[in-house]
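Letters are used for the chains, namely A, B, C and D, taken in the order the chains are written, and counting of residues starts over at 1 for each.
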Amino acid sequence: MADKVFPDAKSALAGLTFDNMTVMSGGFGLCGIPENLIAALRESGVRGITVISNNAGVDGFGLGQLLETRQIAKMISSYVGENKEFERQYLSGELQLEFNPQGTLAERIRAGGAGIAGFYTKTGVGTLVAEGKEIKRFNGEDYVLETGLTADLSIVKAWKGDREGNLVYRKTARNFNPMMATAGKVCVAEVETLVPVGALDPDCIHTPGVFVDRIIEATFEKRIEQRTTRKREAA
Amino acid sequence: MADKVFPDAKSALAGLTFDNMTVMSGGFGLCGIPENLIAALRESGVRGITVISNNAGVDGFGLGQLLETRQIAKMISSYVGENKEFERQYLSGELQLEFNPQGTLAERIRAGGAGIAGFYTKTGVGTLVAEGKEIKRFNGEDYVLETGLTADLSIVKAWKGDREGNLVYRKTARNFNPMMATAGKVCVAEVETLVPVGALDPDCIHTPGVFVDRIIEATFEKRIEQRTTRKREAA
Amino acid sequence: MAWTRDQLAQRAAKELRDGFYVNLGIGIPTLVANYIPPGMEVTLQSENGMLGMGPFPYEDEVDPDLINAGKQTITELPKSSYFSSADSFAMIRGGHIDLSILGAMEVSQNGDLANWMVPGRMVKGMGGAMDLVAGVKRVVVVMEHTAKDGAPKLLRKCALPLTGVRVVDLVITDLGVFEIDKKGEGPMQLIEIADGVALDEIRAKTEAAFEPRMQQAA
Amino acid sequence: MAWTRDQLAQRAAKELRDGFYVNLGIGIPTLVANYIPPGMEVTLQSENGMLGMGPFPYEDEVDPDLINAGKQTITELPKSSYFSSADSFAMIRGGHIDLSILGAMEVSQNGDLANWMVPGRMVKGMGGAMDLVAGVKRVVVVMEHTAKDGAPKLLRKCALPLTGVRVVDLVITDLGVFEIDKKGEGPMQLIEIADGVALDEIRAKTEAAFEPRMQQAA
């Protein structure tokens, strides 16, 4: 079988990027983002990207790196603006923005990967989010039609992976990564540790290998947005 | 907190059963079925049940036990008839039957648990399954509207569980159990081993405790439908 | 005297019940976790994919892979489990969370909520708020009774873009507590007043129709 | 001479490609697993929730928790993973499986498939067949060329209730191999004939329109 393992982020993206493409990028805030693949996307120089990601990174890190270089034409997100450059580009009209409720965004991505063209949710009924969308009544309640989302490429970050493409995520770094892995025409994963095939518990594989086309082992900065701690009480 | 752990199947169903109720029952064939809760449902004497289950058990085991006593009024399934009593009741008109494609059944149950009132799938378009249902075009292809399914009670079988209701399934005994745990107004789980809280890996919990209302530890017969083996070659 | 932030959180904590699964918003709602009555078991859900959220970590426990929906570092408990965002919102949208406590810019007398967008200002997004109010069984708002400029926030009709329609069950402000019949057309019911606050003050600062229906002091 | 069951499976195995994820139906399709060319890596999906299906177990390995979609006991491989039925059909419906090989009662010249129901007879249900043909990238049917009574099974239009509309890409019968343009309106293309079978025999036993377009012998 063609080897899914690539030596680094740059080679893993080779041949997969093109101008005006749509990219899904995993993570919640800076937690569980594919740091290395985002950086490689920046190096690729590809422009006019539509990025589907819950958030937009911070200035200089994560997707913020692609904003600095103005490679992003449009964001589909639920929450942004931890990021001054984002705000500047948005207010100046350089950057398009589509807000989705976070759960609707997650479900749209799952639907895209699962062959579900559309679904009805109560979320957003009666709000701006439902404007122009079909409303249907089920059991006396109104639901709004939302459509599945797919992308030309999805980039995800996992904790462990093997060369079959099986992935395991760690704690809340899982977030949007598993659905995105299913919804890209091609999925590239970066993992902290590449383990031998058979080392992962088959009952606990979050993303079965069928969804992952390429995989790299990488090192991570794992920046923290809000370092909140408590004090140990004196003994 | 009210204890979720009950001493046995009978006590775990106390107060939850009533005539003409809808029950979801996990398992694929006889693999991963809630044997003990099905038996307790039989003992409860409740009648006119609509059962949502991929299959209908075999004569004398699994849901076959509820057919013998004519407690089932209707089945919603994808494949039945490993079972002579089922065939007899169906052909005589005593038993109603609604077939769903297996993936549509699984997705309808997931949708029911996830607050999705309906979804569009390509499965079944142009077949009997789509008759009388709305068809909608997305990106030049036809999709059929299917609705979410819920139940008054779901009974599921897991491998390990804890008193918070966290569940882990084993191998292909997982099947329909995780979705059903989310789609019952009440969910009762039977497990092979009740472990202390904290013993399960939090990254590998298939059903978070919020979905499970009652739990029992039980023993299992685990009958096999098709014992297929191969011979060891002579050394 | 109007309730302080901590008193607001303390009052909101009275809405907790033993065995509840609860999602707490950012700000005052987060403080509610400090007032869970002893002996009561409440499990906190974090919509970025965790059930059983623990307290902030000690300095040497900080883990970048373990944050809450406010992106703050947190800890896990023995009962914790992790799941994807799709599974997390399936849990929320499917009605499996008992209680959501969150902040608001405006609430209308029939339970409409506005808390995500001020037109003309930079909009950061609704995050999970629309999903929470649409899916969680009971929605409690905790907020200042009036805006910084003194304008009422309890309105006949919200002026700001909505987060949800007929979704709020209870509003706790620094002046009192209001019950909403979100299915009906009636006025809100004022069921508690902060000690030393006059009914007339609440009348003056409230646009929404409400009726006093005070409970006996506990 | 018409192909045997094993020859049919062997021919179907030529549709496999290195790295493919494949779902095999019950009956002859199951035999295809015996003819995966050495050195080719093919991963078998079982729609009851497994990727990476292994062979039947030795007598002392039988595990009631480990079965395939035909309810037969099987084994796992180092690469195996398990998942729920919802996730399994998300994988199938979402187009992530490369190839499905399954049996049929009838196939029409535009790729309609009937393989689950004979009106008037006890109906056991469609199981996962409708999902597989709607979702898998390429659908190959393996079947006897005619029914037991000699009636053609390759038809202009299926008479039995359908499993899917315009879903079959290739039909392998004991007499030959037919390509279908499931988007178009043209006849099927007969691309191979079993050794020693006459074209006239195929003509006599086929109702569907087809054109011979034989490839050179390999």
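A few comments on the model shown:
One rule holds for everything that comes next: a residue touches a chain if its C-beta (ideal position, glycine included) is under 8 Å from a C-beta of that chain, and two chains touch if they have at least 3 such contacts.
Because the structure is a prediction, the values reported are computed rather than measured.
Considering the contact criterion stated above, the chains in touch with chain B and with chain C alike are A. Touching chain A and chain D together: B. Using the average of C-alpha coordinates as each chain's centre, D ends up farthest from chain A.
Averaged C-alpha coordinates give centres for chain A and chain B that are 32 Å from one another. Between the CA-based centres of chain A and chain C the separation comes to 28 Å, rounded to the whole angstrom.
Distance between chain C and chain D, defined via averaged C-alpha coordinates, is recorded as 55 Å. Annotation for chain A: residues touching 2 or more other chains are 107, 110, 114-116, 121-122, 169-171, 174, 202-203. Contact of a single residue of chain D with at least two other chains is seen at positions 76, 82-83, 89-90, 92-93, 134-135.
The chain pairs satisfying the stated touch condition come to A-B, A-C, A-D, B-C, B-D.
Across the interface of their complex, chain D is touched by residues 1-2, 110, 112-116, 162, 164, 166, 182, 197-198, 200, 202-203, 205, 208-211 of chain A. Against chain D, the residues of chain B that register as touching in their complex are 28-32, 54, 77-81, 87, 90-91, 99, 101-107, 109-110, 121-129, 159, 169-179, 206, 222-232.
Residues 18-19, 21, 40-41, 43, 45, 51-52, 76, 78-83, 89-97, 134-135 of chain C are the ones touching chain B in the complex.
By the touch criterion stated above, chain A contacts chain B in their complex at residues 107, 111, 114-122, 136, 138-139, 141, 143, 147, 168-171, 174, 201-204. Looking at the complex, you find that chain C touches chain A at residues 46-50, 55-59, 61-74, 76, 82-86, 88-90, 92-93, 112, 117, 122-131, 134-135, 161-165.
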